[in-house]
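Scrolling down, you'll hit the structures one after another.
The following pair of complexes shares a single chain, chain A, combined with chain B in the former and chain C in the latter.
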Partner chain A sequence: MAMKNQINPWLASNVWLLVIAMLPAFLLLAALIYFTAWAFSFSFTDLELVGRKSVNWSWVGFENYVRLWTRKGFLDALWTTVIFTFFSAIVGQSVLGFLLAGALRTTRSNLRSFIEVAIMLGWLLPDIVAAFLWSATTSQTGLINNLIITPLGFKPVNFISEFALPVVTIANIWKGTAWSYLLFSAALDSVSREVVEAAKVDGATPFQRIWLVILPIIRPHIATNMLFITIWTFTYFPLIYALTGGGPGRQSETLAIFMYKQSFGTGKLGYGSAISVAMLLIVGALSLIYLRLLREPK
Partner chain B sequence: MENEGHSRAMALALSFMALIWISPFAWLILNAFDPAATGRLAIPQGVTLGNFAQAMSGNAGRQFLNSIYIAAGTATLTVIVGIAAAYPLSRLKIPGRNAFLWALVVMRMLPSIGVLVPMYFVSQSMGLLNNYGVVLALTILNLPFTLLLLKNFFDTVPVELEEAAYVEGASLWHIVTRIVLPLSRAGIAVVWFFTFTGAWNEFLLPLIFSRTEQGFPMSVGLYAAFGQNGAIQYGFLAAYSIIYAAPAVGVYFLLRRNMNTGFAGVGVKG
Partner chain C sequence: MLKRNLMATVAAVAMAAASVIPAHAEITFMYATWLSGLVEPGVANFEKATGETVNAIKLPDQGYDQRVALDLSAGTAADVVLMDSFMVSELASAGYLHPLDELAAGWDQYQYYLKGLIEVGSYDGKVYSLPTDTDVRMLWYNKANFEKAGIAMPWEPKSWADVLDAAQKLKDAGVEYAFQLPAGTKQGEATTMQGFYMALLGADVPEGDRNRLRDRTSGKWIGDSPGIRKTLQLYHDVYVEKSLTAPDLNYATDIGASVREAMANNTIGILASGSWEDACLWDCTGANVPSREERDALVGWTPWPGSGDPGTNATTNISGGWAVGINEKAADKDLAFGLVKAIFDKDNFEAWTIANHRMGVRTDISESPEYTQDAYLAKATALAATTTGRDTVPGYQTVSALIQQATADILDGSSVDDVVKEYHDALVDEFGADAVETYE
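Let's turn to the complex of A and B:
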């Protein structure tokens, strides 16, 4: 009889072949680990993209990290990122996704699939197409001015230059809500009807039913959702960059854009690496908080 | 009935929301078929496919092919390298392999923007600041998650089938190509398409790696076109956007049922 740890005979005679088959994957994974290690060590150098310091760089200790705190750019970008993440992902996508998932459970199937397709289209669209759509929609001759602002008798508004951060926030809600919706739909399917009915019989108001019965049951889903959308939104680059380029000025400059501009615009690769390490640490800390939330049932 | 009125109001509100949600698409389609598109919301005077023809020729056509090359190349390379490593990982009892795989996935969940600078540097010194480099970089970034998914698919293939085939005298190659791969076909297809759409949408890597307009994939091409100052060709850009968005949207509706369960699975199992 085969023991648990014994290798099956058709594998045993080909162990070397199998090891060789694994080699390409291990090489690429080693490269990934190597790159990650490099990102850390670059952040302690004054490496630059072009010029003398691209070859003759030197170690500068924690200078780049000190600069994160003492120069203005990083903290401003961090604050913009927090605002963007909080309003577009945590408030916008999660809450809207949850409300939609709840509302559509009892809705007729035609309307339901129409809305599902509508929000899925936003999710499926490539980032740059979404950016083009929103840039055109909010332009001075665009949809919003055409349909709402001008008919009401106001002068056309150039939304991107006047309300850059709100526009990218709304665009990201439009683009990303589908993920939260799908996740919460699946979560609500796992809540048994009996429990909710029982709470109803006991006289719980709709608000109490959601807050005291449904939310505690789907807490792991909420934490999972938060984990994913926070990581994505915190480091999200294409939509914002293509819509506003971080501007006007620095109004919509999130950390990802700040890091890109410092590394590849100004060419300060060492400083750019310090920014990305700081981003990794922040995202890592946030993930740990969510994972605790996920694990601990109260 | 109070309840009925309530649900009717809800249905009305939901329909209104859906209309707002899709109105940019209506705008997009109207402009794409309008021979004199100005970016306004207007019923076109005539219908033309000229914008689409323009968006498929010259540099735009090249960019479409570049995107196909990057997306299909990344997906195929990732899946092949992944399969070759995932089967042994699934069958051989290597100590610590699960911890190893999860460590990789955790590492991959951290933003790829973190490894951008080293990747750029290595590619520059190896002369890979082109679409080969993009494919290689995207493969490296996608591999951990692909590897874990494929290993899980192979774990579900019953070993008894392989045993039976071995007793019948089949070689390892036959066992893998005739039994294991066909049985995990659906899973492999989903992984391939996920990787494909991810690479198809990718913007930041080619933005840094591609140096010429002929080398741009569609993401960078579209960005370069509407970022330009001066007159914006709305008809061309709308048609270009539709062509660019079509594969990702189409693949989703093709694989809709598989993907919805995939989403749910990701959510609960983490």
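Let's turn to the complex of A and C:
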């Protein structure tokens, strides 16, 4: 047993080998820190993508950060992102994933495999393909109108024009539920049958069994899931951009899209960097909350 | 099991990625899909004549501008680069492009390029790009829908009121996109040129650049003017007040494809676009374009009228176009220019220009019998008599992006006052208060 914590003597005598073996890790860390430091430094400049300010940029202090508050865009996009993240990730993917995992847990049939494959398909499809698919499905002549709206006697609805944010939210629920489902499936498997049976014998109702027994046991899994999907969804770009480009107007403009538009459309890399630093801080704060949840209660 | 599969997948993806990254090629060229009809035969001719290998990188039209700017600034762009001509001065001012004066001096076909267009592709007295084409802009209309709405053809609107009136009739007849006026940021420059600037040029009297984005005398950007306000009001009328058109085409996954589809399905009434649509409404690369008669039976076009207010232009026009330049980082500039020469060699260039109804940029092509005898090109060229160009000075790209955002905010229901204030403030942020002026 003692050997376990000791380094192999041959390895220990080869310091250079150890250094070389660690190099990839150092390079990776250096790259991560480099990009973050780059964005952080240039958020205090007026660097632009093209033109003279792309070469002769200058320091502008906190100007970019002040503009986050004083100019239109950031606060609207932040609110849109909060709504999008809350409804598509926290409510949609998480709750739906949990319900599916719970409902299918005891099923061992072809139905379960079928549903699992169906859920996974959305997850596996590339974002751009998914965007085309949802774009076609929600169009005036698309599946939803032809199958539901028109047969019920209503006029066809142009979903992207009228309900852009709900459409991207639902599309993201469809796309991302598989992750939460898989995670909760595994989590529920770890809840021992005896504990649930014991609660049943003690007279706990089904709701009480979930709320007071199962959920507390899988609490770390819930927090892990929340941590991941919040980070992903908060910074999520491709599906929304391809589906609506943030529009119509700014209706589905999340922070990631706002940052892209400012950095590469308007060409203000300095301002774009400030937006990304702000996003980093917000996501970092949310992560800390989740990490706190991960800790066992005393 | 899952882990092993995952590793296998990762390995497979990595191998696939490695195979996509090209082996070392002598010379690279990046271009947008719409130009492939000109590029592909030109590249083939070049490879045959020189024995060199060209790595021609064909990229999607949508988002191409951003890609060019990003690749050049990151130092990863191809040796030869196609770009929208408004970007040339901006890219040249940053030192990303190589001046062509010396290289072009030794080419016998250089003399035929129109001076005005060479000027657009120049910066600080040096030539940085050669134009591929130029264009004019107009209102295209769907004849089947005009018939349905009972609008007389040929349609000749004399004012914005006439256009809005026709659009209202189209909407009442059930046409979803009665007046597709490009808006928002997703289609980039198309919003500024096909939509905003075409309206702006006819919004106010053409005195002292009152109907432009930049005062060319003082060199200042115009942050607020009656013309800008009237143009934004037009967007407000079309998208908010009268709801003449659903906004989603401006935000489609593939905007070009969606517009083509909508025109083919007769859901567009009027489309604000340009002379290239004579081919692009069907296929921009020039393949699969129906016969002249079939096209004429489906769509017609009319010049953009001015607002109709006293003293304004009767019709408006603004011309753009694309250009090819050489990356300052290209290893072998002579070879790179050799590729440019092969692509623009007269036979190849002329065949493409005429087949796709692009407007010629060289006199040896535009004065050829095939060009002058083409009825469409003759009619479109007549529009060019009163055309103007963009404000192709460094900074234009930012201004253009701000204009696109302004139209997007109008779509969102913001008032013209608020949008103008936001636009003005953003200009001051970018260029300083001294570089922005206001017209009363």
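Quick notes on this one:
The working rule: the second predicted complex is superposed on the first by the 264 of 298 C-alpha atoms of A that agree within 3 Å, B and C clash if a C-alpha of one lies under 4 Å from a C-alpha of the other, contacts with A are read in each partner's own complex, and residues count from 1 in each chain.
Here, a residue touches a chain if its C-beta (ideal position, glycine included) is under 8 Å from a C-beta of that chain, and two chains touch if they have at least 3 such contacts.
It should be emphasised that the depicted structure is a prediction, and the values quoted were computed from it without experimental measurement.
In the superposition on chain A, A:Ser161 contacts chain C only, with no contact to chain B.
Chain A has more of its residues touched by B than by the other of chain B and chain C. In the superposed pair of complexes, A:Val50 makes contact with chain C only, with no contact to chain B. Residue contacts after overlaying the shared chain place A:Ala242 against chain B and chain C alike. Of the two partner chains, chain C is the only one that A:Gln251 touches; chain B does not reach it.
Looking at the shared chain after the overlay, A:Ser135 reaches both chain B and chain C. In the superposed pair of complexes, A:Phe264 makes contact with chain B and with chain C alike. Taken together, the two structures place residues 128, 131-132, 135, 141, 242, 245, 264 of chain A in contact with chain B in one case and with chain C in the other. Listing the residues of chain B that touch chain A in their complex gives 7, 10-11, 14-15, 17-18, 21-25, 27-28, 38-41, 81-82, 84-85, 87-89, 91-93, 104, 107-111, 113-122, 139-141, 143-144, 147, 159, 162-163, 166, 170-172, 175, 197, 200-201, 203-204, 208, 218-220, 222-223, 226-227, 234, 237, 241, 244-245, 248-249, 252, 260, 263-264, 267-268, 270. On the chain A side of its complex with chain B, the touching residues are 5, 7-11, 13-15, 17-19, 21-22, 24-26, 28-29, 31-36, 38-39, 42, 100, 103-104, 106-108, 111, 114-115, 118-122, 124-129, 131-137, 139, 141-143, 146-147, 174, 179, 182-183, 186-187, 220-221, 224-225, 227, 231, 234-235, 237-238, 241-242, 245, 256, 259-260, 263-264, 269, 272-273, 276-277, 279-280, 283-284, 287, 294. Those residues of chain C lying in contact with chain A across their complex are 66, 69-70, 72-73, 87, 90-91, 93-96, 176, 184-186, 188, 246-248, 250-254, 265, 267, 394-395, 397-398, 401-402, 404-405, 408-413, 422, 425-426, 429-430. On the chain A side of its complex with chain C, the touching residues are 48-52, 54-55, 67, 71-72, 128, 131-132, 135, 140-141, 158, 160-161, 164, 242-251, 261, 264-268.
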